[in-house]
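Heads up, the next two complexes both have chain A, just with different partners, chain B and then chain C.
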Partner chain A sequence: MKELATIRFIGIRMSRDFITMILLLGVPIILITVFSIILGEVEGLSGTPIRDETVVLLVLGFQLFGGAITMNYVHQDLFAERKNRLLSLPMNTTLYGFSIMLAGIIYSILLGIILITYTTMVFDVNWGNFIWALLVITLMSSLSSIVCLVFTFSVKNFKIAERLSEVYGVGMILLAGLFFPMPDNALINMFNDYVNPLMLAYSSIDQVRSGGLSDGWLYAALLSVLILIAFGLLLLTGRRRMP
Partner chain B sequence: MTIFRFALKRILRDKTNVLFLTLFPIAAIFLPTAEDGWPLLPLGYQYFGILLLFVSIRLTSIMIEDRQKGVVKRLAAAPVSHFNYLWQNLLAFSVIMIIQIIIIISGGYAYGHELYEPWNLTILYLVFMFTAISISLAWNSLYRSKESSFLIFMAVIVLMALLGGILFPVEMMPVVFERIAVIFPTYWLSEGIEWIVFGEDRGDFLFINGVLLLYALFFLIIGSIRRIS
Partner chain C sequence: MTIASIKGIVKRYKHQIALDYVDLDIHEGEILGLLGPNGAGKTTLIHCLMGIIPFDKGVIQLFGQEGAVFHHENKKKMGLVTQEITVFEELTAKENLEFFAGVYGLKGEEKKQRVKEALEFVGLSSKAKQTPNKFSGGMKRRLNIACALTHRPKLLIMDEPTVGIDPQSRNHILDAVRKLKEQGTTILYTTHYMEEVQSIATRVVIVDQGQVISEGTVDELINNIQHEEKILIDVNDATMIPIDRLKSLEGVKQVQVNGSVIQIISNAGAGNLDRALSIVKETSGVVGIQAEKPNLEDVFLTLTGKQLRDGEDDPS
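Let's turn to the complex of A and B:
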């Protein structure tokens, strides 16, 4: 299992990547701070403070971009600069790819935990059950990493894959109606109810914090189904492209 | 005008660029008008300032690329002055963005959006466009690689939009933020939009544009210093 031992070094590399850190940790912290100060204690229609809604959505939304780290490392190590060096090592590149994915997922979860702690401690945001929130964050970051890897493997040009990953992140946020309300279209509503990972994750956390554990499970299960589908696609596309 | 022509060619050769430059303003035309009275203009027009910032950082990235690849060094040895290089590039960027502004204004007019005063809106966007280009020029001069410059600027754009009152009315924010907002060019853009909807006093509009132009001049001076190494 020497491939798994590389996780430590991937982790060290990730912790030195300050730009990613600024984008995935600094920006959300600033955004959350500004939003929380602006929104104050205003209560929404359903009785939960708007702040709880927005902050949870923001933290989950940033998880959609967590896959970009995995994607970049896989590209650098297995397709670009370090490709030949890694191929000459006596280890399984596929497993190495998986360990990068694992490291990326863990990194993204860690950022999520920092954000959850920050929002709970400073702004007293209600996340419901912490363990449940952690589970949902784990699901989200796994999904994002896997989806981004599918993009990396399915498109020849990495630049396009990067753009696709942004389309995935921004598109889901857009469809969830965070920028502006979406038109009341049956197709969009259905997509938000059953497919959009951001809304699934949010509904899951929202249900659990208002006491509907079984519905929470349902949404988490839907999210897991998405992960399984994406993983299947990852295996299919990865088999063709892996060096 | 060789550099100008070449800059245009370089930008338009990139397919993603072409897509990015045409699709987004067209999509912005079709965004709906907000129902609860704010933003005052249709959403696409309210957020167009953000788009202008994005486009300008993307366009000016070819100058950072020149520095990365050593083109600036070769230019220094060639019989072309830095001033020529600068203004021809900037002209190319402006031409592209002016076309975008024309697309969005005329498109909105044809689509039937309530734009209040389309001509003044065009002027406001034009002035803000100059500010956006010079801000990204100055921003780029701080970086060595275009990727990191672009990524961090993305975060800065979000912050400027948020604190400058494009995403939220400034009045909603706490007093401290309301005061800080004045330093962001985006604040002046949203003030300008407000003038276009409600404004009567011509002087206010001139003042807003003057502030934006001052910002443009300031950042242009910072950004235009030649950095060879």
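Let's turn to the complex of A and C:
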């Protein structure tokens, strides 16, 4: 499985991609710091600090954009300048694409771990169970990478795929009501309760944090179903487009 | 022994024919220069040979096996130096080579040794720990070549490896190609710089508009088109030159006086240089002499009716 051995090099490349690092790690750290200082110890109606809710949503929100690095590397290596060289090598390009996806997911999880550690140590944010938070972060990273790859394979113009991935990230944050409160509409509520990955991930962490382990599992299971559906779409679109 | 044999390859892109029944053999140990202008079909031919793109018709035999261009075992015996620089900018030179060596199945101490050798071969040992974004264009090109060498391919395909680099790096690359040939590597070298082909190729194939229009050694190709030669003699006083005597020489087709220069067009191989010089010396001092022979550029012009690199910069 020499294709999987390339994960090491893809990981090194990602770790030296400083612009992506700034966008996926630097920006959230700045935002979290600013919001945490502003919100201080203010408590919400439920008695939990508003800061905890905001910070967890912010960290999970940035996970929605983690897939961008996966789609960029898949595009560069298999659809753009490096395509011919990699196709000339004695390796399975589908497995290589899978290695990029895996590396992207691991990279995103590592950034998530750094953010969880930072928020816990510096601002004492309550994430509940760390292992559970890690599981949810893993699900979010996987979903984001798979969805972004579906966009990459679905359209011929990569710029459009990039815009779609932004619409996915910003759209979910918007519908979750993070920019401004959403109207109390049945459709939007249903979407947030059962489909919006950001709300599913947040609800899962929140439930486990407040002792509702079974509900936490339920939301994680819904997130897993989304991953399975997206993976099915990935197989369909990938089979058509993979070189 | 034939390493690769291409028979009647046709490749179409929608309604455009990129390769039109191309036949080509690559023999073991040779440097085969594939010469043609931009858009002639050189890269398409290489991509078909490397199994990067499928072709519509024809047969490719690699290392004695028919229809084996997509087999990983054959790809392990081949190396491709792409026209574009396709190294990983975020990896160091050494890491780049380790990546490719690993994909070619090299492991452990052997991989380490081959990476070291490849870096030495292209003169980048001292830059092993630097990322290519700090390299000059020529250094990047050399790393691009090294990436195809770690597994010691039997057949190395180089697609315009010297495009856009300085003369020093270009010479370094051409020396490297000669060294590889000495080590027994068979090389398919494509370019639209005829000087490069003339200096390194043991055999040349000229392609244009998706067709092989001629092939042979450089001398053979030149002899095929060489029907006449041009002798230019610069003299002190052209008015005294006996033009009629020059015209009467066997094989001379035309004699012209342009200022102080006598231009004699003669059949190729007629051996008129000495005779013409003797006649001229009887009446005038000779300032300079020049006998022009055709080169590959002339061959290409004769065969296709167009310049080899219209609108291109000279690489030297």
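Here is the rule we use: the second predicted complex is superposed on the first by the 243 of 243 C-alpha atoms of A that agree within 3 Å, B and C clash if a C-alpha of one lies under 4 Å from a C-alpha of the other, contacts with A are read in each partner's own complex, and residues count from 1 in each chain.
Everything below uses one rule, namely that a contact is a pair of C-beta atoms (placed from the backbone, for glycine too) under 8 Å apart; a residue touches a chain by one contact, two chains touch by 3 or more.
Predicted, not measured: the structure shown is a model, and the values here were computed from it.
J.: Once the structures are superposed on A, label A:240 by its partner contacts, choosing first (chain B), second (chain C), both or neither.
T.: A:240 sits against neither chain B nor chain C.
J.: Touching A:156, do we find chain B (first), chain C (second), both, or neither?
T.: A:156: touches no partner chain.
J.: Which partner does A:180 reach: the first (chain B), the second (chain C), both, or neither?
T.: Once the two structures are laid over each other on A, A:180 reaches chain B alone.
J.: One more residue to check, A:17. First (chain B), second (chain C), both or neither?
T.: Touch status of A:17: second partner only.
J.: So in the complex, which bits of chain A are touching chain C?
T.: That would be residues 2-3, 5-6, 9, 12-13, 16-17, 81-82, 84-85, 87-91 of chain A.
J.: In the complex, go through chain C and note every residue touching chain A.
T.: Going through chain C, the ones touching chain A are 47, 50-52, 72-73, 75-76, 78, 80, 82, 84, 86, 88, 90-91, 95, 98-100, 102-105, 131, 147.
J.: Can you name the residues of chain B that touch chain A in the complex?
T.: Touching chain A: residues 16, 31-32, 34-35, 43, 148, 151-152, 154-155, 158-159, 162-163, 168, 172-174, 177 of chain B.
J.: Going by the contact rule set out above, which residues of chain A touch chain B in the complex?
T.: 19, 22-23, 26-27, 30-31, 34, 37-38, 159-160, 163, 180-181, 183
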